[in-house]
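Next come two complexes, and both contain chain A; in the first it sits with chain B, in the second with chain C.
Showing the complex of A and B:
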C-alpha cells in the first residue's frame, strides 16, 4: 500500500520534459562530466582499469541517494506537505515498514536512472562490459542486499528527520554526499589520507560498490589494492555483516527518535514547508 | 477501569518546554494540568474551551501522538502511553480546519488507502466509502482528485476518513472549523446519525462553538488553561445559572464605561463586553431582574444609549463566563496559544 502511494507520488510527472531532465539528463550529465575529467587527466586512456571503476561506481551510487532519501523524505512529505503523518501514526500499521514501502518508488525511479546511465556509458562513453562474463548471481544478490541496506540506513535518517526542524529535507542528500567520499565511489580508498580510510572500511557502501563492479567487469575491478586481497565471498560476508550491524542500529535509532518525537510533540509539527 | 468506560484519565498533565533564544533559559508551558475525565461507552462527550485551552493537546495524548508528562490515560481499556498498539486499531481522529490528504489521489483512493491500513476488506471498504460519501453529499466527487476539491469538501473527505474505519472511539478536533453554515449543519447531522447507528460508539468532540456543544453533546467538560473547570450535562451546567437574570444589551459606544465598572455594581454578578461596529454588546448576569434599572441608570450617567435589550435563558457561554470571569472571545485574546 505504501509502495503504491509512493509510486503515485513519484510518478506524478505532470511535465514529462522536467522528468526527463531530472531522471535521464541529470545522471548522464553527471557521468559525462566525470568521463570528460577522466579523459583530460588520463589523456584519453580509457583502457585503464580506473575508468570502469569510476563510471560504474558513479552510476550505482545513484541508488544511495535515491533509496536513503526515498525512505526519509516520506516523513517530510507526509508531515509537512500532505499533513497525513499523524493519521498514519494513529493507524494500526508498523511505521518503519510504511516508510520503507514509500522508499520503493524512489528505488524504481533510481533504477531507471542507473540503467540509463549504464546504457549511455556502454553505447556512447566507451565503458566496456562483456555481458557473457558478467556474474549475474553475484550482481543481483549484491544489488538486493545493498538496496535493503540503503533502505535501512534511510530509516535511520527518517528517525533523525522526525526530531529535527527545518533542514530535515536535506538530510538524505547530505548523508549521501558525505558517503560519496568515503565509499570508494569514484576513487579507491587508497587515495584518501591514511587516517581517514577506516571510515571507508566501515561503510557497507564501500563493499557493495566493489562487489557490483566485480560482478560486472570481473578482475578489472580488482586492480586496486584496497580490497584486492579479499575474495568475492569474503566481501559479500563483510557486506552482509555490516548491513546487519547498520540495519540493527538504524531500527534502534528510529525507535529512540520515534519515542523522542512523541515526547516532544513533533509527529504533526509543521515548519512552513 | 470499568468495562463501560471508553476514556479515562487520571491527573493527566502535559508541560511543553519552549525554546527561547540562546541566552534565555527554556520556558515551560503548562498545556494540561491534573485532568481527570471519564467518558462512558456510547457517549458523545464534548470538550469546550477557547483556543489555547489544551483541547488539542488532550486529543493528541488520547490518540497516542503525544506522551503525557504526568498522570495516565486509557482509551478503550488500554493505556495510551504504554500500550499504543492496543489503542490504535480501536480509534480514529479527524482534525478540522486543515486540508490534509494526498492531492494526487482521488477521494475514493484516499479513503480506500486508509481503510486498508485498518484491515477493512477492500469490497466492504468501497461499499462504506460510497455510503458515507452519499451521507455527506459527496458521492458525485468520488473520482475527483482531492487536490481539485474545495477546502470544505476536503474537510468533509477527512471526516469520512475518520468514520470509515468504524472506530470504537472517535476523536473529532474542531470538525466544523472553517466550514460554511450549510456544511456545519450536514456534519452535525452526520455525527448524530453515526452515533445512533450503534450505541457502543463513543465520540469525543472538541469545539469552541457553544451552540455545537449544546446541540450535540451528552456531557461537556469546560476546559481553560489546561484545567477542567466543570464537567456535566449541558442542561445541568446551565441550571447552575438559573437563579440569575441574564440580559443581552446592545448599546451605543461605551464612552469610558468599562467591564470593571459593570462588575463593580453590587447587583451584577458577571459581565462580558464585546465591541461592535456600532458600539458594544453586553452580556450581563444580574442577581435579580429589578437590578436592571440601576444598570440602565449607569448607562445614562455615561451617556450610553440602549439600542436593544433581550432577556434570555443561560447558555454554555454564560457557564464559561461564570467559571472563568470573562467570555471565550476575551479569554482567547488574553489566553495562551494552543500548544
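Showing the complex of A and C:
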C-alpha cells in the first residue's frame, strides 16, 4: 500500500504524456552532459574503456538518488507537506516498512530512468553491450543487493531527517552528491587524491557500481586498476559485508532517532520550510 | 488586562508615516529583499549546504575532466559553470516557484491585497536573491581557485562587468516572468522547476563551451541569459577563452541587452494578468489548487 501511495504521489501531478517526457528528458540530459564532455576531449573516440565506465556508472547511480533519497524524503513529504506522518504513526503499521514502501515508488521511477538512459546509450551513443556476454546472474544479484543496501541507507537518512528541522531536504541530496564523488561513479577512484580514496573503498556503492559494470561489459570494466586485483566473487563478498554493516547501523540509527523524535514530539512538527 | 486609556490613545494616534508612490515602491523592494539578504544568512546550515551542493557537482565534473586528461581551461570552465549554477537554482527555486509557495502558505493573497506593487515585490525578491547568490557564487569560485588551482586573466574588466550585469538583469527578469507563469501551472510548478535543471545545464553549456553543441541548439539555448553570459565571461577571463567562444563578446552583450528589456517587460505584462485573475476569480490565490 505504501508503495502504491508513493507511486500515485510521484505520478499523478500531470497527464501521462507530460510524465513520460519528464521521465525521459531528465535522465537523458544528465547523461548527455557527460557524453558531450567526453566527446569534446576524446574527439569522438567512444571506443575507449573509460566511456562505458562513465556512462554505466552514471546510469546506475540514478538508483542512489532515487531509492536512498526517496525513503528519507517520505518523512519530509508526510510531515511537512501533507502533514500525515502523525496519522501514520498512530496507525497499526510498522513505520520503517512504510517508509521503505514509499521508497519502492522511487525505485520504479528510477528504474524507468535507468532503463531509458541505458537504451539511449546503446541505441544512439555507442555504448557497446553484448547481451550474449552479459553475466545476468551476477547482474541481478548485484542489482537486488544494491537496491536493498540503498533502501537501508535511506532509512538511516530518514531517521536523521526525523530529528532535524529546516534543512532535512538537503540531507539526502548532499549524501547522494558526496557518494557520487567517493564511489567513483563517473571516474576511476585513482583520479582522486590519495588521502581521499580510503573513503571510497569503505563505501558499498563503489563495489556495487564496479560489479554492475563488470556484469554488463566484463573485461572493459576490469581494465581500471582500482579493483582490478579482485575477482567478481571477492567484490560481491565485500559488497555483501559492507551492506550488512551499513544495514545494521541504519536500523540501529533509525531506532534511536525514532525514539528521540517520539520523545521530543517531533513527529507532527512542521517548520513551514 | 490592557490599560483602556492607553489602548484608546493608540487608536486615536495618527499614522506617524505612510509611504506612497515611488517611496512605497522602493520600500517594498527593500522590505522583500531584506529576508533574502539578511534573513537567509541566519540559517548557517543553509549557507553551508548552498555552498556544498554546487561544489559536489563541480568536483565530480573536474575529476571527469582530469580522468580524460583535458586541458586545464576546462577545469576553469567547470568551476565557473558551477558558480553560475547557484544563480540558475536561485531563479528556479527562489524566484519562479516562489509565488506558488507563497500561495501554498497563504501569503499570496496578502501580497495582492496590500497597497504595494507586485512588481516591487518581485524586484525585491530578485535583488535580494541576486546579492545573496552572488556571495555563494563568489565562494564557489574561490574554492575552485584554492582546490583546483584555477587562474583567471581578465582581458577587459569593463566588458566583464557589463556582461555580468546584463546577464543578471536578463536572468532575474526571466525569473520574474517565470514566477507568474509557474503560478498558472498549479501543482505542476515543482516538477517544472525540477525539469529545468539538467536539461538547462546541458543546453546552456554550464560544464563545457556552448560552441561544442550544434549551431541551432546553441542558438536556441541562448534564450537563457546564462548561456551567452557564461560564454562571454569565459572569453573574457581565460586567456584561450576566445577559441571556445560561440559569438563575439560584443554581439553577446547586444543580445543580452535585448533579452533584459524583453524579459522585464514580459514579466510586467504577465504579472498584471495574474493580478487580474486573482482579483476577478479568486482562483490564483486558492491554496488548494
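Assume the second predicted complex is superposed on the first by the 264 of 273 C-alpha atoms of A that agree within 3 Å, B and C clash if a C-alpha of one lies under 4 Å from a C-alpha of the other, contacts with A are read in each partner's own complex, and residues count from 1 in each chain.
To be clear about the criterion, a contact is a pair of C-beta atoms (placed from the backbone, for glycine too) under 8 Å apart; a residue touches a chain by one contact, two chains touch by 3 or more.
Quick caveat: nothing in here was measured; it's all calculated off a predicted structure.
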Chain C versus chain B on the shared chain A, clash or fit after superposition: fit
Can A:255 be said to touch chain B (first), chain C (second), both, or neither? neither
Could you let me know whether more residues of chain A are touched by chain B or by chain C? C
Is A:90 touching the first partner chain B, the second partner chain C, both, or neither of them? first
Applying the document's definition of touch, where does A:173 land relative to chain B and chain C: first, second, both, or neither? second
Partner chain in contact with A:128 - chain B first, chain C second, else both or neither: neither
Give one of first, second, both or neither to describe whether A:38 is in contact with chain B, with chain C, with both, or with none. second
State whether A:54 touches chain B only (first), chain C only (second), both chains, or neither. second
Pick one for A:22: touches chain B only (first), chain C only (second), both, or neither. second
Closest approach of chain C to chain B (Cα atoms, Å): 7
Chain A contact set shared between chain B and chain C covers none
Which part of chain B faces chain A closely enough to touch in the complex? 16, 57, 60, 63-67, 85, 88-89, 91-93, 95, 98-105, 109, 113-114, 116-119, 161, 339
Using the touch definition from the top, list the residues of chain C that touch chain A in their complex. 43, 45-46, 49, 52-53, 56-57, 59-61, 63-70, 74, 105, 187-188, 190-191, 194-195, 197-199, 201-202, 206-209, 212-213
Which stretch or stretches of chain A touch chain B in the complex? 1, 4-5, 8-9, 12, 82-84, 86-93, 259, 262-263, 265, 267-268
The residues of chain A that touch chain C in their complex are 13-14, 18, 22, 25-27, 29-30, 32-34, 36-42, 50, 54, 166-167, 170, 173-174, 177-178, 180-181, 185-188, 191-192, 272
